[in-house]
Amino acid sequence: MEKLIELKNINKVFKSHKLISVKKDDFVAVDNVSLDIKKNTVFGLVGESGCGKTTLARSVMFLDPPTSGEILFDGKDIASLSGKELKLYRSRMQIVFQDPNSALNPKMSIYRCMKEGLVNRRYPKDKIDTRIKELLDLVGISSSYVNRYPHEFSGGQKQRIVIARALSMEPEFLVLDEPVSNLDVSIQAQIINLLLDLKDEFSLTYLFISHDLNLVSYLSDEVAVMYKGQVVETAETEKIMKGPLHPYTLKLFSSAPGKNSVELFEADESYREGLPEGYTYFPPEPDSSLQLIDIGEGHSIGCYALNG
Amino acid sequence: MGKLTGPMYGILRGNMEFLLFLFRRFLRLLLTILIISTIIFFVIRVIPGDPALVVAGIDASDEDIQAIRARLGTDVPVAVQYGRWLADIVRFDFGESMISGASVNKLIMERFPLTLTLAILGIVLGIIVAIPLGVLSAVHRWSFWDYFGMVYSQMGMAIPSFWLGMILLLVFAVKIPLFPLFGSDSLKNLILPAIALGFARAAVILRLTRAAMVEELSKEYIITARAKGLTNRMIRYKHALRNAMIAVVTVTGIQFGYMLGGAIIVEQVFSLPGLGRLFLYAIYQRDFPLIQGGVVFIAVIFSLVNFAVDIIYSLLNPKIRIS
Amino acid sequence: MPKKRADKRAVKRADSTLEIRDLNVSFIQGEKEANALRGISLSLKRSEVHSLVGESGSGKTVTSTCVMGLLPTPPARINAGEIILGDQDLLLLEEKDRREIRGKDIAMVFQEPARYLNPTLKVGDQITEMLILHLGMEKTEAVERALEILDLVGLKGGKRILDSYPHELSGGMKQRIMIAIAISCNPSFLIADEPTTALDVTLQLQILNLMLSLKNRLDMGILFISHDLRVVHDISDWISVIYAGRIVESASRETLFADPKHPYTKLLFESIPDADKRGKRLQTIPGKVPDAENIPGGCAFHPRCPIAEEICRTSQPETKNLGGNHTAACHFIGKQWKN
């Protein structure tokens, strides 16, 4: 399948901005991440809080350009684009965040909030109203509600509106950063079904971020597991669900609720499942660097080469 | 000595960080003083009226005026004057009074102790009234104490201190002679002015104490404290008040700064020979060196108070971001 | 003085159940009345985990704060019900006696440890103050005990932890501190209101693990509140599902997971995504959870229920016992439907 997004060795470092600082505290939030996202698929990104998922997503969107590395969108290096081209590319990718409240301006009616985006991309003026109606219909919000304000909607409805607004840009690629974590269980399913329908209808590609493993394994085609800024394992979802290898993946999977056990998987130093000869999961030296090696059929694991 | 607890522990633990923090605040203090000095320098230069003319009097000859200008240093270009001014400030030397000829520093230092005592007395009285009343109002909302506190703070904001001072004099020095009418040599002389000065400040501190306590009492950790089965007294005074004090201390410090300013008027009413009177006369008489020196002095005191507040604040609040 | 206090330690009650009977609570706001709890009954045994599961706004927190005696009245009003501990109805007690029970017999852990810990008090003091108050310990004795408790909740670092302020600890550590505070006086019952919701998955499991081991060691009964059926699956003995202020179904963990009877419970299970459902559409529940101010008449679930009939709009279903204390409140228990 064709690749839509290619990430090559993405790094994101947060520099400390103190004039006089005691210790050097540059923080590597994303560390040498390379990933391919294929067209019209869902790519799941999982990992514990603070491991760098959102930072990576923001880098991909060029909201916060990466410190180094290449992002290819449809084969084109985003960093090489001029301001005008970049704007065009940006509208082809949209992001939906966890908290719909902070994404919607409380002082703007839904109509104005939807219109803003359309005007921005020079949508024909006379067609704007019909378009807004279509978009809201699409996400299941009655168009008689267009003059209401965000606080008059429930969390699930607000998230639908945010999705409708993202769709108004006619994107090809959507980053969904924990889009249902704040929603009630019974509402989550509505939004997930909606996202899957939209994906089929408009041939969308998703980067789906979550720490709910059950959810990611339900809807994504491929999964990458992130740990402290690095990708430690990536494969097709079914493969990784059946045979997770990296000790951190196992730990994360063992923490998913609903398995009759409350034991976390903890690997000891001798654990080396799935590794080729000459590699280890545990850094032999404190500054050894992690490599992502392909062990066949697109299943890659992060490990360290023994003796150099 | 037993083990270190409380703020001291914090200071030692984050020793280096804390020193850096002090250093940064100190830089800020210097910057403030520089800015204020610059402003006062230029403001005085644009006030109409040549100081030399004021000093010389109406029928002085041109030569006299030139001589006075030279003495005042106003005969050179403004840039040079500014340079000299900054150099003087660094040495903390504001020259001599144009009127009395005495050194500005000496004049200020003679008067400052009285004003400082007055301000301290005022703030202490204010705190004694405001904090307990504020806490009571917050804890027993809509009770007698709360209404009393509300009435008090309205009055405190509305009544000007000079008027209050006159009333106090009239009642407690003239009608019921509990306090002396004149003089400044005993603490007794300062009680009425301190009340006049502290009254309005106490109103501000009271309002803030109440608001801070009400806010703290509505926070989640108070629910935890209740869930622990603690007594109301522990919840209020051990948990809520401790957090409320963080805001109260800051505002009290700022109020203390204001008090130095407010003293100018109150000293006038009670005929106290403090800084206020000194500066007021300096203004009447266009004694420019004294005015300049006085403003910079007050700015320095104000900044020092803020500096102290910052430090106390960081000691009270373990969470302060040192940056 | 110390003698009188020391006595308190001797009179540790050995109550074996905490029972909530038919609790009905409203919030009065001007003209409006929000009926938050509409007849909640729950029974919690010692050394048992009873989970209360429901979506946001269903009344979980109101239930737990009411049991703790922490509901602000007004705006809240307890219309009816009993909360029985041993042989007394807690709702009839004076505030002073209630306070004696809080923290000592029934303790509580909250959802967001960061906000529920005092930011300017060292965590050590936050633990020891209870030991000093409820158990009459001296300060040094309390510190000793606090160190033991830290060990129990799996916090290594002893003295250093006691001397830190909450913001110096990570989220998981803070929640352990909350738990340490809660168990410090060896309570018979612990109410945990979504203790893991603010934590991420690996920490969540660690905390669940901790709660289970503490339950066994200290012989506590735990009322575990959550919005996620899967989270409670691994630790519960008994599960009650709450919807719009009423328990709609209550059963042992095995029964509830194997054979849910109430349509709401069934739909909840079906709407949970997991790997087995790949490629299939998720079952959804149309509409949303009602506000406590506008609870539909009859069965509160009827506007969203796929098998609702006329009677559901008009009459509230009784809670029926389906055997083995498995209860459900629905007019058409067990009726199937097609999607």
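The letters A, B and C name the chains in turn, as written, and every chain counts its residues from 1.
Assume contacts are C-beta pairs under 8 Å (C-beta built on N, C-alpha and C of every residue); 3 or more make two chains touch, one makes a residue touch a chain.
These numbers come from a predicted model, not from an experiment.
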item	value
Centroid comparison with chain A (C-alpha atoms), farthest chain	B
Busiest interface, counted in C-beta pairs	A-C
Inter-centroid spacing, chain B versus chain A (mean Cα positions, whole Å)	54
Whole-Å gap between the CA centroids of chain A and chain C	33
Chain centre separation (chain B, chain C; CA means) in Å	52
Chain C residues within the chain B interface of the complex	65, 68, 70, 99-104, 107-108, 110, 112, 115-121, 129-130, 133-134, 163, 165, 167-168, 178, 181
Complex contacts: residues of chain B adjacent to chain C	9, 219-221, 223-231, 234, 238-239, 242-243, 246, 316-319
For the chain C and chain A complex, residues of the former touching the latter	55-56, 171, 200-206, 208-209, 212, 227-231, 233-235, 267-268, 271-275, 277-278, 281-286, 288-289
Interfacial residue positions of chain A with respect to chain C in the complex	48-49, 154, 156, 184-190, 192-193, 196, 211-215, 217-219, 237-238, 241, 251-252, 254-264
